[in-house]
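Once you scroll down, you'll see the structures, which are given as structure tokens.
Common to both upcoming complexes is subunit A, partnered first by subunit B, then by subunit C.
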Partner chain A sequence: MTLILSTYSKKEFCRLVKTTGLNVKIGPFNIKLTSNVPTFLDNFYFLYSDCAIVGDDQYIDFHICLKPPSIVRRWYRPQVNFFINEFRPFKPLPIDQTMAFFEWGLNWTIAQQALQYLIIHSAVVEKEGKAIILPGMPGAGKSTLCAALVHHGWRLLSDEQALISQDATEIVPLARPINLKNQSIEVIKEFCPDAKFGQIFAQTSKGDICHVKPPVSAIEQIAVNAQPFAIVFPSYEHGLDQTKLTTMAKGETLIELINHCFNYTILGLDGFKRLSTLVENSQCFSLSYSDLNSAISTLDELY
Partner chain B sequence: MTIYPAYHKRLKFRPDIAMLYHSFDDGVVLFDPDTSNTTLYHTIVLWLLELTATDEFEQEQVLNRLIDDYKNDDPMELSQLLDRTLNSLMKLGFVQRI
Partner chain C sequence: MLFAGIFEMEKSILNRLLQTPSIAPSFSDPQWDLCLRQAQAANLLGRLHFLLQQHDNLQYLPQRALNHLAAAVLRSNKQHQDIRAEAKRLSSYLTEHGLEITFLKGAAYVLTGIASQGRICSDIDILVNKSQLNQVEQRLEDVGWAPEAISDYDKKYYRQWMHEIPPMIHLGRQTILDVHHNIVPLTAEKLPNAHQLLESRCATDDQQAHYVLSPMDMILHSAVHLFSEGELDKGLRDLTDLDLLFKHYFDDPSLDHCRSEQLFARAQQLNIETSLYYALRYCHQVLKTELPTQCLMQSPNNPIKLLILDYCYQHTLVPYHSSCQGVNFELSCFILYLRSHIKKMPLRLLLPHLSIKWWQRAKKLFVVT
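This part shows the complex of A and B:
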């Protein structure tokens, strides 16, 4: 039987993370987490409560530690550092942004180190075993659309990174909290009353940020891969009368998709082959929307 | 009299080209493994590859064949398209002058 994080009381969870560290399975990765930042521990316990706990005999992909830089910085303008395998890749951030720092740091770590996957900056949702990849630059509305979809019958595979398998025939789930920014926080609070929201982190470098807890069903099916079915570039356009789904040519899609890949150049020819196969086997569209109900219906009609 | 800008170049695709391209309906995508640059080309490149991928070829010869195969298109435009494409392919090292 799989042990999940919420099996531990919050007190016990905090004790373990502060002392020995706790091994948590996030998507296909085993992460050893250590931290002594109380607000972060509260947020993590809430957002990742359905994730599996991994035994010490398992291989650990990433050792992540979040802790204040010095005794002085615990009291004067307190800050926090992010360590990955004892390496500190970033400058410290204010301590009240620790949860957001963890999410950004983990994104960076996966993009840098998980070279077994071709990684695309995109949300991924699934229905009937078939996945839709939603790549988009920050602000395109992919997380908003993703949050709306996963609370209306779709499975969350990822909000931020599509992990493409070696033969490009499967997408590996990486269900983590959905990262909403600024106005989209209120939009999703209204549109998805069942969604569970974490704390709002105000005035980060990306504006106000709030994480939506991944649905339990997404975590329960974390080991179930999905087949690529469509690539849809979403674009939120305020005041648009009608949702527009436009077919995109595949060559053009491939070139556009390269701009959204984290490790395409590192993978070289292998990355090109994977991306070509992915595009070849997927329907390709751009989606302009302003109304979430209409956007969801449009994507439903693809099936 | 030749009215097209054909330069009698003897040319050859780089030998590993078969690994470096993927063709779609709207064009051919070529990948440069040295720089990871990826470029979308006109479908004429697929036509060229099918004809000459493993052999040396002469630009004028290929042009005549192209004009023959695409009878409905303006020969001058085809000539210019071929010239532009080959220049670009040569610049990126996919086609070499021999």
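This part shows the complex of A and C:
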């Protein structure tokens, strides 16, 4: 049996993260986490409690540390810094946003460094081994739809980044908390009574933010890759009477997807090949919705 | 307890690997982890991939480490592609207007393929004839290059004392360009004659698309740059550049004697033989670069001064990573920082300059972000 985070008592967990650092497995990555920010430790312990623990004899992909900049800034308008392998890519943020900072920082780190994957800015859900990629610009409602789907029979592969394997025939799970913003927090609280919510962070640079804990099943099956099946561009349209699923041409889908990739340019020809294989093997649609129930049953009909 | 840190040896596992590649098979996963983190801190991740490959050592790395190295190679390849494209624009545009440009450092390595392996460059450096400097600047401003935002004091300082003008940035592509008219600051006690450098510049190919310094001058420039530098956060990376430049220059043992004499003669002509001497000495000491024996014989310094410099360079030519930084490191950095400033400027200029720079830094610390 693998050791998981919640095997540690909260006290023991906090002691480890504050001193030696704790190695956890998040998606395919080994991460060493060090921090002395109490509220962050609470949030992390809650949201990532099902993650596997990685032994000290393993190679660690990302050494992440979240610490206040100085003694002074621990008391006067307290702030926190994000370090990846001792490098600080961002300016500090207010300390009460540490959990959100960790999520953004890890997104950035993966997008910058995990070049073994082609990475698309999108949610990914799976059923019967077949994955639906839901790319979307901020505000398109991809996270809302993703949260609704994973509490109605789909498995969460990722809320933010689709990791496309070397030959583009598989998507690698990166099940992390789902990042809900502003009104969608209330919508999902109502729509998914069994969802587990973290703390609400008010007035961040992206508005109010709340993280939904990934369902246990998603973490249990973290090592099981899924096959690409469909690419669906969701867009939430307030007051729409009917859910509309429209087939998209493959060429159009490819061009549109390029805009949603984090590392397409740097992968060069390989990036183009992977993306075209992916599009080739997937059905392509756009989805306009305002009602979550009807959006879910529309996607159900694809299977 | 308190003093335990002072006696603790700083540990750079990366330096050990660079010196003795044959230790690679003995590394555990956590050791590779540390080694790659140190390489990343030293901007050497891409280059490490090439060095491991060269010694057939990639097979000993865990898959996760290989992923990180492959990513670093992709990043540096992409950067080289961007540099070649930018160089093409610069060369053809300025030549069209009758202006000569010569690429230096990273860009020159990329364009010639010498010492380009996995090299990361933060900017593009060019050398122009001082008589054409104003025209070059003007022409560049016409096509989207603008001076980077710096303080008025810094601006004045650059114009009056430096060997380059304030960095320029391309407003569309965000590339940073350093335009030089010499290779050391004008305040330095020994100033090379920039005309001599330009006279012996070489084309990178038959089409004469780009010009770089001659192979000898590339070595000498790299040497003078590293050994007059006061902040050595890129020092180890620069030393591996020199290692590759030397290996390229001394590629035929039968010519070693003649080439090393030529190199020293050129260094003397340009007034930078001390830097050449240090470059040879520390490549040999820190990286175990194989060099012709006659190169390591001559010593321009008194033994005490050399002893101090040995101590300083052995402790600072390491990755700037917490695992390599102890008391010896801090002390060495401080000594080299002072040394570089004293060498670059007479005290009557240095003291007011340092007070202003320290005051600027202190102010920054208190700015609420």
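One rule holds for everything that comes next: the second predicted complex is superposed on the first by the 303 of 303 C-alpha atoms of A that agree within 3 Å, B and C clash if a C-alpha of one lies under 4 Å from a C-alpha of the other, contacts with A are read in each partner's own complex, and residues count from 1 in each chain.
In the analysis below, a residue touches a chain if its C-beta (ideal position, glycine included) is under 8 Å from a C-beta of that chain, and two chains touch if they have at least 3 such contacts.
The shown structure was predicted, so the numbers you read here are calculated from the model rather than taken from an experiment.
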Partner chain(s) touched by A:3 [first = subunit B, second = subunit C, both, neither]: neither
First, second, both or neither for A:280, with subunit B first and subunit C second: first
Touched subunit A residues, subunit B compared with subunit C: C
Touched partner set for A:113, first subunit B, second subunit C, both or neither: second
Partner chain(s) touched by A:200 [first = subunit B, second = subunit C, both, neither]: neither
Touching partner for A:255 - first (subunit B), second (subunit C), both, neither: first
Footprint overlap on subunit A, comparing subunit B with subunit C: 265, 268
Residue ranges of subunit A in contact with subunit C within the complex: 30, 56-61, 63, 77, 79, 85-87, 91-92, 113-116, 265-268
Touching residues (chain side subunit C, partner subunit A) in the complex: 28-30, 32-33, 37, 40-41, 62, 64-65, 67-68, 70-71, 74-75, 78, 321-322, 368-369
Footprint of subunit A on subunit B - complex, ascending: 19-20, 22, 24-29, 31, 33, 36, 38-40
Touch list for subunit A against partner subunit B, complex: 249-252, 254-255, 258, 264-265, 268-269, 271-273, 276, 279-280
